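One chain, chain A, appears in both complexes that follow, with chain B as partner in the first and chain C in the second.
Up next is the complex of A and B:
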């Protein structure tokens, strides 16, 4: 299945109640997103890295997952230093890099990496299905939870359908190039995939109706908070509070 | 009510798409309690359409449907039909949409208003009765084709229906799984209509076979599926023996 590495492992992070993890990650993300001071951001980054070390995520997997975020951030580094007014720092021909711009880009880089690192720790230590159930338990909107479950369930089926179609054009000698024929074929492929997915959605809906579906999905899993969960939650809350205080005291 | 045991009564049902010959053309079908009926017919002859019309998933353009002695017309009429008639879909990937097997099988009972514990118990019992004990926490999309078919059957049976509509339950299965489906069907205390292209399968599982063509079902009570090994040019199709026509030599 695409993008679903098995969440195996027996670290403390793995064994935590998924609800605690979701709450902690949300809190962390909010605090980091609204903070400005570098002390706060760097501490958050440090905290994120300790969490991911504790979860025992392999380095390669971590780096691979950080690449997309940082590609985007690279773009910011190209534009941001030159799009502010303030103290000049360096110049590239007619372009002048400004201190404020550089700081701004640095803040965004640290913030996004810290948040993504923690998210990786969450996803790598919790199976996707457990996450869905935990969202349900946390009273996330029903539609989001349904969407989440159906995506998990059918991304693989749709991927298989895509592979079937792609093989069908391959065995008839299709080689992609830069020409109208290629574009047309690819467009047919994507179009066909959409049509098939929509047909499948219709059939799944029918199957659900046949079994009495009236808009409710029920979850059979139950979670229970253990002492370690409560302790971790309290620790996380305290740390977030500390970061908040650190951020707030700069005003004083 | 259904005092004569008549549970599905279709009268003059028509259905079709514009600019094409009708899929169902004034079709009549009577199905009684205790009956086990096979249904054969070429691809596109409307077998699946017929099932979907009985379940109220598509709307027929004319005709009258009576199920369990009641005239059904609206979506709300069909809701109660769906509790008593179970449909097994051709493609198990359509039927199994929950992440785990247990959740999928418990989905129907939960919709019928059972509590979580009751639904789990029913799901476990149904799975065990199909020889699927231990499958509860398996991920549905990682099951093999045969396992998916059996779990699909479990999801339908968990609703404790009185009638089953089975759409090609044996297609694409290996001999072992086909054999276990045959054993399961023979052991059920249910009435069913079963679509299949496989006459050997129908011989094992049904009392008589209807043939679908030109938008109609022809049911001949005397066409009883049976097997005896011999060869002649009609061997591939449902056919009758013992009635001599001028062309017959034997």
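Up next is the complex of A and C:
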């Protein structure tokens, strides 16, 4: 199934109000994304790691989820050390690695990993539909939240549909290669996927209208702020403020 | 290609987020309540289509299909892509929260531009070869513009990104032809099987309700 592992667990992070988690993660991401100083970035990384330890995310899951961001970072490491001018650090044939470039790449690596680690703590401790309800509670536009729910709900259904179509062409002896036949087959497959999806959308819409859908989604669970939620939010705000001050004192 | 967290400069992030907010606002204005299920399910379909790997010589590329998305959804491509990318960030950690604005803009703006440039070819009654040519142009230009915008976002962050930005644009060039071909074939298929899906954007609102 496409999607995250079921968010089970009983750590402190799991039991926090999802609204608090969303606000905290957004705040953290923004503060870290605009920071430059290594002290700030390293403390952010430390904070991120302690949050993820607290959430008890399995190591394997953490590593697997860190792969996409680090592939992109790897691409930058190929170029960045060589595209600055300054104090040479090492050389590879005609290319000279420059101190500033290496520092810049290192800064980006710490930054992205810190942000993504905290994001992983969020998604590993909250189910995706709960996040949708929390966004609604945080007054995100209603249409966006509805769109989010429908997409979440149907990604898996449509993925199964795709697997079915892919199996159907495989059974008929289709072997993908670099040729027109492959491209045409895959294009028709995507087309069929769209046709089936739009049929399904029509049926879902009719079914919802039959059940009296008038543009409101109701959640069975209600959120409530507990003392621990308020305390964590205040702690997070204080820490972010501290990072901000640490970052800003460089400028002054 | 999604830009990861922590790479872009704050000004690029803010500009991307602001422009995406504007685009999403326009898209949401055009999205009626009755259309939300179909827009949501179509954006799920495009999410799945982006997992399809197409062989290209020794490597394989994954589909983007933002041209076709623009053709079918018009301005509604903005909210659809925003939700799709948000979901990818949450589920697979492709892209991220702070880069959501820039990444959405890089995918959705080309979709909308191509919808205005080439969308007329998908209207009912255009000839078969006109549809094929405009759909090809739509699919390939959308990917090309996306590549250029990704490169430009990197370049605006700092001169040092220029080589990486060039590589990103160069990598999009072969993909462009594959995307164009697939979009054309897909539009041809939809015209024969389900023309209303292609023409949805061009039918007056009242007439499309059945």
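Just so it is clear, the second predicted complex is superposed on the first by the 229 of 252 C-alpha atoms of A that agree within 3 Å, B and C clash if a C-alpha of one lies under 4 Å from a C-alpha of the other, contacts with A are read in each partner's own complex, and residues count from 1 in each chain.
We adopt the following convention: a contact is a pair of C-beta atoms (placed from the backbone, for glycine too) under 8 Å apart; a residue touches a chain by one contact, two chains touch by 3 or more.
A quick note: this is a predicted structure, and the numbers were derived from the prediction, not measured.
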* Asked: Between chain B (first) and chain C (second), which, if any, makes contact with A:112: first, second, both or neither?
  -> second
Look at A:72 in the shared chain and tell me whether it touches chain B only, chain C only, both, or neither; answer first, second, both or neither.
second
The chain contacting more residues of chain A, comparing chain B with chain C, is C
Once the shared chain is lined up, is A:32 touching chain B (first), chain C (second), both, or neither of them?
-> second
### Message
So in the superposed three-chain picture, is A:136 touching just chain B, just chain C, both, or none of them (first/second/both/neither)?
### Response
neither
* First, second, both or neither for A:176, with chain B first and chain C second -> second
Checklist entry - Which holds for A:147: it touches chain B only (first), chain C only (second), both, or neither? => result second
*chain B versus chain C as contact partner of A:208, first or second or both or neither*: both
Query raised in the report: Looking at the overlay, does A:21 come into contact with chain B only (first), chain C only (second), both, or neither?
Result: neither
* To do: Please work out whether A:200 is in contact with chain B alone, chain C alone, both, or neither, and reply first, second, both or neither.
  => both
Contacts of chain A common to chain B and chain C in the A-superposed view 149-150, 152-154, 157, 200, 204, 208
In their shared complex, chain A is touched by residues of chain C numbered 2-8, 10, 13, 24, 28, 31, 33-34, 36-45, 47-49, 51-52, 54-57, 63, 65, 68, 72, 79-80, 82-84, 86-87, 89-94, 96-98, 158-164, 167, 178, 181-186, 189-190, 193-194, 197
Residue positions on chain B within touch of chain A in the complex are 52, 55, 57, 79, 82-83, 86-87, 89, 91, 93-95, 97-100, 102-103, 106-108, 110-112, 116, 119-120, 139-141, 155-156, 159
Chain A residues touching chain C in their complex are 2-4, 25-26, 29-30, 32-34, 65-66, 68-69, 72-73, 75-76, 78-80, 82-84, 101, 104, 108, 110-116, 119-120, 123, 128, 131, 141, 143-144, 146-155, 157-159, 161-162, 176-178, 182-184, 186-195, 197-198, 200-202, 204-205, 208, 215
Chain B partner, complex, touching residues on chain A are 1, 129, 132, 149-150, 152-154, 156-157, 200, 203-204, 206-214, 216-220
